[in-house]
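Consider the two complexes below, in which chain A is the common component and chain B and chain C are the respective partners.
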Partner chain A sequence: MVANANKKSKEKVKPRGREMAWEREIRTDFRVREGQDGLIKGHVEGLVEARKRKRLRQDTEPFQRGIIRHVALVLDLSEAMLEKDMRPNRYLVTLKYTQEYIREFFEQNPISQMLILAMYDGICIKISDLSGNPSTHISALIALRNPRNPREVAKEPKGSPSLQNALEHARASLHHTPSHGTREVIIILGALLSLDPGDIFKTISACVADHLRVAIIGMAGRLRICQEICAKTNANDPSSYTVALDQTHFRELLLATTTPPVIRKPTAAAQAANPASLLLMGFPSRVIEDSPTLCACHGQLTRGGYTCSRCMAKVCSLPSTCPSCHLTLILSTHLARSYHHLFPLRNWVEVSWQRALKKGSVQCTGCLTAFPPVPADMRDSKGKGKVTNGNHESNGVNGAVRQEKVEGASESSRYECETCGEHFCIDCDLFCHEVVHNCPGCQSSVPEGDVVQGQNGAAGDGNRMDVD
Partner chain B sequence: MNAIDATDRTFRSPDAPPPSLLTIILDTNPHAWAHLEPTLPLQKAIANLLVFINAHLAFNHSNEVAVLASHSQKIQWLYPTPKPPSHNLTRPASPRPNGASNGTHSAHDDANKYRPFRIVEQQILANLSALLASTTSSDLSSTTTTLISGALTTALTYIAKAALAHAPPTDPSASLNVADPSPTFMDANDGTTSRARTTLTSRILVLSVSGDLAAQYIPVMNAIFAAQRQRIPIDILKIAGDTVFLQQACDATGGVYMEAQEPAGLLQYLMMSFLPDATARDFLVLPSGGAVDFRAACFCHEKIVELGWVCSVCLSIFCGPPEHNQCLTCGNQLSMASTLPKPPALIQRKKKKKKRAAGDGASAGVTPSGTPGPA
Partner chain C sequence: MSSVASSYKKQNGTLSISKDNREVSWIQTGAAAPTIRLLVADISNLQQTPEKSPKVSIKIFTQTAGANKPEDFTFSLTSATTARADQAAITKILRQEIENIRARKQQPVASATVPDDPGAPPAAFAIAQALAVSTGSNDSAFTDAKLLANSELQRSLLQSNVDLKQRFMQALTDKPDNISTHQFASQFWVTRVHLLREHAVSRGQTQGSYNVLSEVKPKNVDGTNRLNLSKEQIQLIFKQHPLVKKVYNESVPAMNEMEFWSRFFVSRLIKKLKGEKITENDPTDPKLDRYLSLGDGADVPVQLDGAHIPRFIDLEGNEQNHSQKRGNAPDMTMQPNNHEKVPILRVLNSMSEKMMADTATAKGEVHGPVGLDEETFNEIRLRDLQKDSLDNRIMLNIKDQKRFHTTEGGDHRSKEAIIYARQNPQNVLATISNESRSLTRFNSLHSGLDLEEALGINDDSSSEDEQHHQKRTLHIGSKSGRAAATKQIVGAIRQKRAQTDDYSAPPGSFAPVPFENTDLTIEIRDSLALTHSTTIEFLHYFWSVFHSGDPERAGEAQNMIGALDKSLDRIKANAKQAEAGRRAYIDRLNAQLEEHFRRSGKRKKLDLRQAPGGAEAVNAMMAPTVRAIKEASDRFREEYELQISQSKAVS
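The block that comes next holds the complex of A and B.
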């Protein structure tokens, strides 16, 4: 009873960020109840599994994602960043997390580009230029506090931020980027004000016209104008405006923006204005040379590098553009990082005791961990749907427990891939959907009636991806 | 002398080398092994492999091994032995057999053999002969390649689970974050994260005999990327065949790639190049780093290409512009504007300085101001 009431009210306030930490209900997850067998272990495990699965079930829709991204990261360098609610202060925390963020961003989006701006003393200054090289951005960030030129002073937060100046600067910087990529602005805002020189609404309209998408991560409270900016530039969806509750939440929010954004269903007009294009790319091979030769990118003598697939010019590193014929040169492993957005692995389903019994699975196909055996009472009362009827001593509570478990976690601790019918444990479920994006079962057998061509790469996981 | 002999032999002192899990993927493609018969029969290869496994197990008391056969029709665990599906599930299954705690012994126990060696050897031989016996001639005729993507994926899930089991139990949320970049980023600056987080070092060794894996391009790439993120090196010993993508796997994950010129010397290759684990490799010069073939496979014909057309929305690779300029994967209409040949970039010749122009004479017509003229 109590549990149900709690659950309902929790669902109601689901959208994160709307509620404050102190408004949330007192968490009651630690109520421990006995399982059927009189042990609490089963129930606790069920809760843990349900929590794991909850994270998992978010990202398996085959969305189209903007994989070639152009991002302007805007930092706040206003007085508000000297607040000490984050340790040691907001400014240092932001600098630290931004460096992590840049590494992760280019890990996830290897063929994307980024530039860093800062709102400082009422104006917007450029910290680093648009480039796809993480180390230039990171060294520019480090140089903020430890300038390379000893005569310069370290930059400390000063004055007020100006959202309008930041948006205009970002818009101008991203204006020339090719139309097949996304144009995104990610603003980290510590202040609760914006000191603008003119009408910010005109700027917002200009951003919308330029297909800019703005995401704002606040540090203090929600601002009406931020909500407005995010909604207008994201087709009336304000969900890209988030406010961090604390330091760890801030980091989470920041890292969440490394996932490529979902492309909205393009209207005919938008598609005409912003067509997808076919890009010619080279997959060069690495060469090792006995004697050093000049590289085309820096003009330095190097032993080995990558030769352009079209003109045989030698470049030092990938991804890059061939300095001589302008061909985009990348590693195929760079493209491969985004294939799982394209061919998502379908969610696996929970397995009931009946199904487990029918299938007779004793261990996980992926890792050979033994599954818990089917309880004796289940085997007798086949066909009957109720598990909880077996034990009458503490029926009420147990019934609730079982029901609750089934919602997220599987009662038999097995998860089934519906394509190949193999059973997996929760850890493999998580690992396969979040890391490998392959199903070990599907990849390990040639489908019936399918011969040589049948197992073509995409067929294992990708047959079902009909992104229309 | 006494000091040497009095070494502390207690099990795993705090700074002992971490246990190492070696997952071996044996490509058992029957076609390829038939070709290899004159130089390296499968029996000899298995015998050599067993010596190598024993050497790995002997290195450290807590080292573990797992062996997978990547066959033409399916993949099969050789060690540890999977349990067959049973419809009598009341009996609790025995724990994982990897800790040499398996109680089953065959009749011919050899008392002179170190027990972990014997258990591994028996299971591998039994499972392999079962696998070969179950291969029908129709299986043989239907395909000539091997399911390397499935083997890699299964090896990765097995390693992930083993790493979870070895992870320090202090942090229950560690298991929640297999994919989450956050824990790795907490102290990414010192670059020691993955080692600190799991005490198990794992690696994958592929004994590859088949070529032509272009059909499994996407799953193999997914597996490579996953291994890269988990920092699991993939070592390849190529005995035969042409494996473009496996070479990329080595390069991306920091593994060792070797081409066996003399297949008969398999044991030598294994012992000299693939025995050191990740900890030891930090101190060794590895036989790697030559030229690497980074070509990709096109999605339309599974052809290996060096120059490909890529859809900007879904990044599918095509060997030529698709029909009607429509992406075969995502169906978007694609514009060809950016693929039109561009004029080669030339270094702009610097304009001659005005000083010089003035000196050329009055024919330029422009009177440069501020230049001291002869008048």
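The block that comes next holds the complex of A and C.
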């Protein structure tokens, strides 16, 4: 009886919709409904659109984020990675996704740096050095299984992982990074244990003292110690500890860490200890040469490069630190590319038939694809649309909801940018939010003089920070 | 400790340097305590008699912190045979130590003080550097000073990193003579202290302890049982199972070590220690089975020290209020004395306790009045019921971003846009239609524009013709003009292809070209690569000195400029050597051709494709390096002259 009572109370506490994938009932709403015209086309299209848009629904609140990141990516190379619950096994899946991740990471964070470590046989080994060049990391990962030196053997997972050794190693490797950048550790943990030589809590507090932020992606189950590590190093917010349900979820979780972490408001003491500092940066010009010349950074021959704006040394790739005068060298486009994390493009809202009728939009502003025309019966009841279920949509536009409406998709296949009021198709919606991070409607509209649309003036209200 | 015979003020005695090289002392012969003791740190100057003079003596000038007048002491070296060598030895040690002390003093100064002379480089750099170097940490083991002082660690890092070692050795041999090895090495490591730290940590890693008996398994290879047991594993077994140690100690001299382990791993004893059930079929071992009855008496687990469990969560204390005593019996695995049936549970528990004992936190006083300190309290608080912590993310208040695309106030249109705005559309359209009509009118057969005609191509014109009429060479359609255009286009295509042919580098960056693709010989190539890397090392040294803004280090900067000039000479020497090699090759080839011509009467063309690259190739390859050196020395000279003129103006 006691056990039963327990079970019941647990069920009560658990909020609905938060159950794990394996607890969920088999989806029954998978059936396709017919539209009024007896066709299922409308509903299927809606489903497709809803699935596409699901990817976009994220927090678009602009927070201060650390766009100069220093990340230690820690892979698990312990025996647990030989599990075959991911195909062909966890190790190979991780290697594959990590390569993809590295490319995406540097695409999104061009002025960031990364190093790769691995937990292997109880200790932590280094796979690649801290650098901003994705190809060195990727080739180091490939070399794990196909060593360049034929005498070496391919590395296969072995032994147990040690979170403590990994954290200590990452801490030492990131110790010298400047204070204007973040120090992050992203751990992919396949095992359900950590075999540590000492007291991991000491390491955790040392990490907190060093401003390390740890994110852990588990592959097997939640571990208390991981939660502890993530919460302690992220200002008591354990949300950076995630556990992958399956292969695709694992990939999503990994790619989610390409978004830079938010900056927490520092305490007064921390602010005094680490005041805002001036960071010298050089924007070198690209030169192309007829014959290959030696670059200062690697001593390799390249057919071109960038000339340091201070000491005239040639470096072969950006961003980097000038090997001769230690100036940070980047391209202005790198800065611009990192900016969309700070100024995210707001989500576009679904457009009801009524709103579409009012705006009279016939084609997508982005790609000029024709929209489906407003149905005749809607056009008849012009202006006095009957609100069938009083559902106020997020954009404040009352919509007469049609039967085919699918959760998440717009009934009129139009999506509206609330800033400029233009309508777009689903594909432009995706493209603008995932790739260009700008709204073509807002960009092409004529600026209205110098009118500042910000709600509050330069002073701000203390919590908010003014960005110019 | 080195000591030499010497005299001070005509009295014989011994001059010696203490073991830690901190102190110089002179003791009179027969005296108990030294008469003179000088701290090396106080030494301000050192003089010695010239090599040719018959008298050998050392003069030491000191300036103690308190005293305002420098003192000096003269010691004559009295040894009849080795006076000269003694002098050299003493001065060498002293000089090195003084340099060390100065170098140590300079380190913090270089990054912390902002120079106040106006000509110095911007202070912002010094600040940025200081920030980058020292972001506060209280780890005593990882402080920069500790790492820099640890020469054993540095050696081990050089051993493990071949590239770094090569760079270090080469730079060390090429360094200018007036910079000491110690100074150079410390400068070398100051810029690489992060590598040292990383190496220190990765070297210091240890594996956690594990249940070693369950890990070691005899393998069956070709019918015989093989056992792989490392030294560490044996130590771990002894540590985890004191009983095994006892057995080992008592039986090994009598028994072969190999035999002991092979018997141990099939014995009933190991089954017992692992917590497995012993069956009748298990082989007996008269020697080892004696210890079976001893039980775990020898290795009663080191209980987690009770002193470290706060009373608050002391389960022992709950015994009095034990609900299960009244009715439901505890689970059989939880009852005492019942462990003979399931020994593995008990064994695993005791194993875990032993392993945890090594890692248990040594907390401070937990037996205070309340029984727990703040940290413990935080640990056992029921966090599930806690509210979420405050959202302290920093929200950005974004103003209309479109504003950034326009210029502040005024006319934000481009110049061209302004010009276009002034045009009258009707006039413009009329002009365009007029022009297009006039173009097509010439050639009414074809619709559209005849480009050849428009350019005025004249195939009959020859280049000799054009040379006579200088002004016609500018004509677009001329032969030479077209040839030049073709050449430029083809050249651009070729270059573009070379740039983008290699897909190994991401777009926008430059793929490395293998050294084999240059036509320089291997020796020249290697020598150039080494020269290049040391040059960069020197440049790095120079700029860090230059940007430190420390007037005291001006001499160092000058030294580095000297070293860079030498680098230039080295590049030139390489170029010369390469050119000589190329000449020799061409001469040899010419001789061969001549020979061929004499024998066959046919002339072959000189094929220079295989010839090694000469000075030109070297200079092309090193162009950016040379440019960087030039920039450094130019900047130095500029600054130097500025300072000189300023100091002149002041005085």
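Here, the second predicted complex is superposed on the first by the 363 of 468 C-alpha atoms of A that agree within 3 Å, B and C clash if a C-alpha of one lies under 4 Å from a C-alpha of the other, contacts with A are read in each partner's own complex, and residues count from 1 in each chain.
In the analysis below, a contact is a pair of C-beta atoms (placed from the backbone, for glycine too) under 8 Å apart; a residue touches a chain by one contact, two chains touch by 3 or more.
The structure displayed is predicted, hence computed values, not measured ones.
Peer 1: Quick check for you: in the superposed arrangement, does A:Phe201 touch first (chain B), second (chain C), both or neither?
Peer 2: Second partner only.
Peer 1: Once the shared chain is lined up, is A:Gly421 touching chain B (first), chain C (second), both, or neither of them?
Peer 2: A:Gly421 contacts neither chain B nor chain C.
Peer 1: For A:Phe343, using the defined touch cut-off, is the partner it touches chain B, chain C, both, or neither? Pick first, second, both or neither.
Peer 2: both
Peer 1: Contacts for A:Gly299 in the overlay, against chain B (first) and chain C (second): which applies, first, second, both or neither?
Peer 2: The answer is second: A:Gly299 touches chain C but not chain B.
Peer 1: With the two structures laid over each other on chain A, which partner does A:Ser324 touch: chain B (first), chain C (second), both, or neither?
Peer 2: After superposition on chain A, A:Ser324 lies in contact with both partners, chain B and chain C.
Peer 1: Is A:Leu279 touching the first partner chain B, the second partner chain C, both, or neither of them?
Peer 2: Both: A:Leu279 reaches chain B and chain C.
Peer 1: One more residue to check, A:Ala172. First (chain B), second (chain C), both or neither?
Peer 2: A:Ala172: touches chain C, not chain B.
Peer 1: First (chain B), second (chain C), both or neither: which does A:Pro147 touch?
Peer 2: The answer is neither, since A:Pro147 touches no partner chain.
Peer 1: Is there a shared patch on chain A that both chain B and chain C touch, and which residues make it up?
Peer 2: In the superposed arrangement, which is not itself an observed complex, chain A uses residues 64, 178, 180, 263, 277-280, 288, 304, 323-326, 342-343, 442-443, 445, 451-453, 455-456, 460, 465, 467-468 for both chain B and chain C.
Peer 1: Going by the contact rule at the top, pick out the chain C residues touching chain A in the complex.
Peer 2: 124-125, 127-129, 131-133, 135-139, 142, 193-194, 197-198, 200-202, 205-210, 358-361, 389, 392-403, 405-406, 408-409, 412, 495, 498-499, 504-506, 509-515, 517-518, 528-529, 532-533, 536, 539-540, 543-544, 547, 617, 620-625, 627-628, 630-632
Peer 1: Under the definition above, what is the set of chain A residues touching chain C in their complex?
Peer 2: 61-64, 121-126, 133-135, 159-160, 162, 164-165, 168-169, 171-173, 175-180, 195-202, 206, 209-210, 235-237, 262-265, 273-274, 277-280, 288-296, 298-305, 307-308, 311-314, 316-318, 323-326, 342-343, 442-443, 445, 447, 450-456, 460, 463-468
Peer 1: Inside the complex, what are the residues of chain A that reach chain B?
Peer 2: The touching residues are 48, 51-52, 55, 64, 67-68, 100, 103-104, 107, 178, 180-181, 251-252, 255, 258, 263, 271, 275-288, 304, 306, 309-310, 323-327, 331-333, 335-340, 342-343, 356-357, 359-374, 376, 379, 425, 427-428, 430-432, 434-440, 442-446, 451-453, 455-458, 460-462, 465, 467-468.
Peer 1: Okay, in this complex, where on chain B does chain A touch?
Peer 2: Listed in rising order, the residues of chain B that touch chain A are 73-75, 77, 80, 82-87, 89-96, 142-145, 147, 149-151, 153-154, 156-158, 160-162, 164, 172, 175-176, 178-182, 185, 188, 214-226, 228-230, 248, 251-252, 289-297, 299, 302, 305-318, 321-322, 325, 327, 329-339, 342, 344-345.
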